[in-house]
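The same chain A turns up in both complexes below, where it pairs with chain B and then with chain C.
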Partner chain A sequence: MISHNSILKRTLPMLMQCAEAHRKPRWLPVAKSKIFRIPKRPVISEEERIELLRINNNYKTQMRAIKRFYHEEMIKEKSTLESASSEMSQQLEAEEWERCVKINDTWNAQIAAEREERRKKELQEMEEFALARMEAKDKELRDRIAKASEEIREQKKLSSTFITPENLEEAIDKALANPVDYNFAIDLQGQQYLGRDTPIPTKEQKKAATNN
Partner chain B sequence: MPLPPASGTGKYFARAAKSIRLIRQGCTNRPFFHISVTHRRRLNSQPVIEQLGSYDPMPNFNNEKLVALNLERMKFWLGQGAHVTTPVAELLGLSGFFPIHPRSYMTAWRNRRTERENLEKQKEAEAAATSKAE
Partner chain C sequence: MTTTVIKYVGRTTDFKGKTLWEIVGSLKNFGVGRIIVRSVFERYPEPSFMKIVKVETCPDEERRRVRVWVEKTFRGKKLEKLTEIYRTSYKPDYKLIPKHEEANLLKSIKDVHDFPDVILPRTIEMPPLMKKFIMKDHENKGMENLKEYVMPLSYNSSPNRVARIAEGDEKPTVQFTMGLGKPASPSLYEGVPLN
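Then we have the complex of A and B:
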């Protein structure tokens, strides 16, 4: 068991995590039910064995060659790295650097031109968009003003019939002279009988009216 | 404390034996492997030196098993004398970086043989069925 202190004071920032915890520990004996079990050996025919031996030998030879090739490559690379500090190689490197810088500059210039063009285009688009928006806003405002003025004109036309303190008495007199009753009764046929005091004919009266 | 990255810590002992192996990173019922270089005596749960690729053994929508390989680093570690485990060697063989692994050949011919046997069995069964009908 690792103590808490040792975890805190460790030099490497590493935490051990055991993912292989689902295996039986090595020190546990064979299970009782498996004591007399004899695992079946795989049967490989003689023909297959010889073929496998042959291709395995071939593979091993090829792999040895490949591994040696990469190892030698590594050694070669190391030696070239060590010899790279000579004057000749330094000059070569400087030339290479010059060339790279030149190419980089041309690329930068090209990209800068492209960027400028794109920026101009974007600005143009933005201006157009803003102008269109402003125009739309203006149009909306004008429409609203026109609508309001129309309303004002209508109200002015109506204002001649308004009741004012001057003609208040007159209007009252007129209203008293012409009383209007909006109440009405309705029968099953949908006939309206206007007014509160209108006499409603009975069935007999109706019949008499139709006979006459 | 955060866990060490699965892509590798870059820390290793120069003289210790290295191994390029598959390290299971998926979850239950969903295998996924990193192809990593690590010390040969380390457990798969321990931090690796460097990740060299990945392998998804479950066929995707187009019935492909995807493998990613960093061959530059693979060459470097082979130059350093790293060992390659069989599953990785098989993958590399199929990708054309190594010769085809003998086990690939073996599984292929065994699969072919079982298929042939199954076909023969089926034919026999059909023949027996027809003779019974007559």
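Then we have the complex of A and C:
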């Protein structure tokens, strides 16, 4: 449940209003409530009408003259440009072309030199990287061989104690002579009593043992 | 045909009369030879009217329109060519002149205009900023400065044109300038210093 205080102390108001004017977007048709509205016809006095007409006519005449002037100028400029390009400036254009080709060649040479240098550097880096990798691989192999030979040596040392067909009888005799019993019992104190036949002391015996 | 009472609804209009088809469609032989008037052109003191020469009806999709060729007299001047009325034939602005008034209307045309001949200038002075701009431009390009900063005027062509454009060295009767000009109704500019 929302407390009365929390409503009073809220940061945002419960109802919000947009400050912008409420307007119909341009592309919507006339609102239903405005279909039969007839806008009032503006009333312009005769004096004002005449003056506005005169001013607007003046403006249109002036603007037409200016537009025509610039339009004609543009056409003139275009035609002069075209005529110039067709006759006299062909040589100029050829010279310009030559110049551009020269500049282009120098740029190409410069870029080629840079590229060569970069290629060399890249190749060297690649070689170094490959060498380092090969070395690492070699080292790893060597390590592995060393480890394996160590293992072999250990196993060889151990092999003297292996049971072979020659000393099989002896081993059996030895095992029979020394039987090993892995069974054990455990009491509440966690003491282990190894062997199946080990006698387990009674409570009294334990007490006596502790008293002494 | 009984006259219909017209009740106007909605926005007001300057037009007054009927559409051309409403007039022509109810006349014998589509009203060839009769005289019609557009009420908008009645604002001029000189008579303006049109005599129907030929009528062509339109398909059903264009039921408000009709194609009519007329001999047009505009501001007391008869045009040489026939005028076709099609695009504006739907406008409810045409009036039929009764037969007994036709003679009067034709008589009212005078051989000489009662308005003074207007001769329009061919050139206009450039606006001040444009003048300076062009001066600078010419300086930059190393060209000679112009003697007078004028540019040609262009007018919309219309068969109804009353004013004449000056030919050769003719002196125009009106001058167009790049300023406010002489106000048509000075009472609006009271207390405003002009120039």
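Keep in mind that, in the parts below, the second predicted complex is superposed on the first by the 127 of 212 C-alpha atoms of A that agree within 3 Å, B and C clash if a C-alpha of one lies under 4 Å from a C-alpha of the other, contacts with A are read in each partner's own complex, and residues count from 1 in each chain.
The rule we apply is simple: a contact is a pair of C-beta atoms (placed from the backbone, for glycine too) under 8 Å apart; a residue touches a chain by one contact, two chains touch by 3 or more.
Given the structure is predicted, the values throughout are model-derived calculations rather than measurements.
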Query = After superposition on the shared chain, which partner residues are touched by A:Met74: those of chain B (first), chain C (second), both, or neither?
reply = first
Ask   = Which partner does A:Arg41 contact after superposing on A: first (chain B), second (chain C), both, neither?
value = second
Ask   = Of the partners chain B and chain C, which touch A:Ala209 in the superposed model: first, second, both, neither?
value = neither
Task = Could you say whether A:Asn56 touches chain B, chain C, both of them, or neither, answering first, second, both or neither?
result = first
Message = A:Arg64 in the overlay: touching chain B, chain C, both, or neither? Say first, second, both or neither.
response = second
Query = A:Ala177 contacts which: chain B (first), chain C (second), both, neither?
reply = neither
Message = Please report the chain A residues shared by its interface with chain B and its interface with chain C.
response = 55, 58, 62, 66
Ask   = Across the complex, what residues on chain A touch chain C?
value = 38-39, 41, 47-48, 50-51, 53-55, 58, 61-62, 64-66, 68-69, 72
Message = Going by the contact rule set out above, which residues of chain B touch chain A in the complex?
response = 1, 3-4, 43-47, 75-76, 78-81, 89, 98-99, 101-102, 105-106
Chain A-facing residues of chain C, complex = 10-12, 124, 126-127, 130, 151-154, 176, 178, 180-181, 183-185, 187-188
Note = Residue set of chain A touching chain B in the complex reads 13-20, 52, 55-56, 58-59, 62-63, 66-67, 70-71, 73-74
